[in-house]
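The structure appears right after this line, and notes come after that.
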Amino acid sequence: MRAYLEICKKSFQERMAYRGELLIRFVGIFMSFYLLYMFWKALYANSTDVQGISFHSMITYTIMSAIMGGIINIFGILNVYLAYWMSSRVRTGEIVMDMMKPTDFQLYLFSHSFGRLLFNVIVSVPIFILAIFIFKIYLPDSLAVLALFAVSLSMSYLLTFLIDFMVSLVSFWTTQNQGVGGFTRLIIALLSGAFIPLWFFPEWARNILSYFPFASIYHVPLSIYIGKIKSIEGFRAISLQLIWIGALYAGSRLLWLKSRRKLMTHGG
Amino acid sequence: MIFYIKLFFTFFKLNLKAQMEYRINFIMSIFHILILQLGNLGLIWVVLDSFQALRDWTFGEIAFLVGLRLLSHGLFTLFLPEIYWGLSNYIVRGEFDRFLLKPVNPLFLLITNGIILSGITDFSSGIVILWIATKSLELNWTFINLLILLVVVFSGLLIEISAYLATSSVAFWVTNLQTLNFITFQFHEQYILYPVSIYGKPIQYFLTFIIPFAFINFYPSAYFLDKPSSLLFHSYFVYLTPIVALISFGVAYFIWKRGILAYQSTGS
Amino acid sequence: MQVIKIDDLYKTFKTYKRKKGFIGSIQTLFTKEYITVNAVDGVSFGINQGEIVGYVGPNGAGKSTTIKMLTGILYPTSGVIEVGGLVPTKDRKQNLMHIGVVFGQRTQLWWDLPLIESFELLRHIYRVPEKIYRDNIALFAELLDIDEFINTPVRLLSLGQRMRGDIAASLLHNPDILYLDEPTIGLDVVVKERIRQFIKEINIERKTTVILTTHDLLDIEALCNRIMIIDHGKVIYDGSIDEIRRRFGTESTLLIDFKEPPDGLEVDGALEIQLEGIRASIKFDRKRFAASDLISEIAGKYPVLDLTIEDISLNGIIRDVYEEGKLYESVS
């Protein structure tokens, strides 16, 4: 346990070394916020309430989505970092060193990711406060809703990590895998409600999407935050998130065992 | 001149071969871009299904805007990506010398130093999206309009080149200002996907007079789609597109020349 | 015939303390607190056609700044540079047509492509006639064995192969002058020797003028008849290697193995004696004593098993020159 804590601390410190890049990140984030704001404002120019959602709620949803993305996109928006890291370690054979450590490889990567998560959360606080003042996004109705949101957000993070982990294992089969990482992220961005809430999607699309974990990543926590999903319904959505985490965790262990066997029999 | 044209194709052939060394990544990037462009358009279709119009721009009109941008951007990515991705890095890492060590125009050497093959996908999806727009708006393409379209696409290319050349050249004087590059990127990559009339006046002026990205697709679309009501200035601005392109290139080339001069007197 | 003429050349860099971060970089744009550094400080020399000149000095002495001015990358602050009758910065392209440049630490070859592709491209850039190009490829195949790896992508080449490729690439257009910046850095002894042989060959065959900066003084000993030492932007020595040896390398060491450990070894004229068991090392000044006199003196007194004489290496001399300022003393 101690070892994992150390890894977590190290990866947090490593992020701190890049705090010079924060300015670019801030500029980028606020440029996107402004764009989102103006985009929805232009859409709401002719109506006040669409699908039961006011302009105010919509802005809160979309800006919270961007902030959330900044928190759970651990390995860069395009997710190339982890895939790249893994493929270079497989190529150079350093992966063997990682596997020989008396730690669980998945937990090892998780600690790494968790350190980055902490950094992202800290960075997001001033962004969140500024967004409240500039774009008038609101806080949830009650502390209970806020707590529910926090739980749901943690689930989103776990889901993202599991997907990232599985994608990075593609490195064991081909080292030209940066594309796969970016591709997964793109699909998530399009279909998880990160940009356009799923209630705008046509019925048939929503039916198909209900068989995938995408909605659990953005749509659920954000809907809880703005109060679109309430009480019992919220618990049900979170249970679904949990089920997805269980399924993906099992899948990732299986894939990991296969990848390891591949490496051990073919030498990478 | 003939010398340069021949040399250009020699470079192009070499770049093509070099890119083909990484076939899997190339194929992935084709899918990535295809889904990115069409997926984003799909999302816009989804919201406009509920909202009807973005201020007064319909789905087809926005598709036109997006397609037009992709045509010139595809050419840029295919032939000249180094201006954006390479230049400031070479300068910051002290590797710019190599462009001054050959008896050829340094800008020519820079632009022929790399191509990104997936620019073809950008360009093709641009055509597809423009076709979707044409269908949805029931546009009739006259010969004159096709001619104007051709001029607009190449002018757009020149505007994009100029914007990135000018911002990247700042690195000749100040090496740690990559934020500027990033801002230009955001404007070009995100802001002009929507009609610039949805933004506040300062941004509209900025995208018309300072970094004239509005001339890449907004003013031309207003002309082709006959939308004088949403025009910031005048429908005849479309005729200014080639002039704006030439002026911006002149300014950018001047900055680049001064940058090289500064580099030659200070080294790096 | 002088192909390179440099007269009273200065290069002054104005640097300023770069401040960190966005605000800092904005500040540095407007507030200019300069510190001036004379990277090249009043250098004058001429180089004749066909010479091989070693240009040496510690890091930051001004070597590469001089080379950059000669190739037209940098403007001089003041002074005159003429290369083959051209001013490098003014007639940049013409000058570049007549020179070849190799930076040992960087490659001009296309990383992902076979070597031959880079050559083909350079042929177009320098407009090399077909026949000259083919002859050169044949010559490089013969002297550098580049035909062994000419169809291999550059990223898969060994460092030695890549360097051979880079040097060949810089000579495809038959330049009059070749600038080599650390051409043997990181290579093994065999490849180094090979490259030296090649440079010599080209120099003799084509009368190519070669300017070589290196930290490996064996390169200089093997190739150059003339050496220029630069330090703090000033040329502190310009002359032949024999001369530098004669003037500064007069200290030799005599290594003797005796049959049995000698008692109280005393040698007239020795600067320093070290004795370890049967082995003695005796330093002496060759200007004042002939080695033969010294040997017969010792052999007369003690039974000698074996002996060798070691000259101080060029490396040692040059280190002395710029570390101890020996040269300034002897000049003044």
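Points worth noting:
By written order: A, B and C. Residues from 1 in each chain.
As a working rule, contacts are C-beta pairs under 8 Å (C-beta built on N, C-alpha and C of every residue); 3 or more make two chains touch, one makes a residue touch a chain.
Please read these numbers as outputs of a predicted model, since none were measured by experiment.
Of all chains present, the one whose mean CA position sits nearest the global mean of protein CA atoms is B. Comparing mean CA positions across the assembly, the chain most remote from chain C is A. Mean C-alpha positions place chain A and chain C at a centre distance of 55 Å.
A separation of 47 Å divides the Cα centre of chain B from that of chain C. For the pair chain A and chain B, the distance between C-alpha centroids works out to 30 Å. In chain A, the residues that reach two or more other chains under the touch definition are 23. In chain B, the residues that reach two or more other chains under the touch definition are 22, 179.
Annotation for chain C: residues touching 2 or more other chains are 20-22. Considering their complex, residues 13-14, 18, 20-22, 24-25, 28-29, 65, 68, 71-75, 89, 92-94, 96-97, 101, 103, 106, 108, 110-113, 117, 120-121, 124-127, 153 of chain C touch chain B.
Across the complex, chain A is touched by residues 22-25, 27-29, 31-32, 35-36, 39-40, 42-43, 46-47, 49-55, 178-179, 182-183, 186-187, 190-191, 194, 198-200, 203 of chain B. Note for the complex: chain B touches chain C at residues 3, 6-7, 10-11, 14, 17-18, 21-22, 95, 97-98, 100-104, 173-177, 179, 264-267. Listed in rising order, the residues of chain A touching chain B in the complex are 23-24, 27-28, 31-32, 34-35, 38-39, 41-47, 50-51, 174, 176, 178-180, 182-183, 186-187, 190, 195-196, 200-202, 205.
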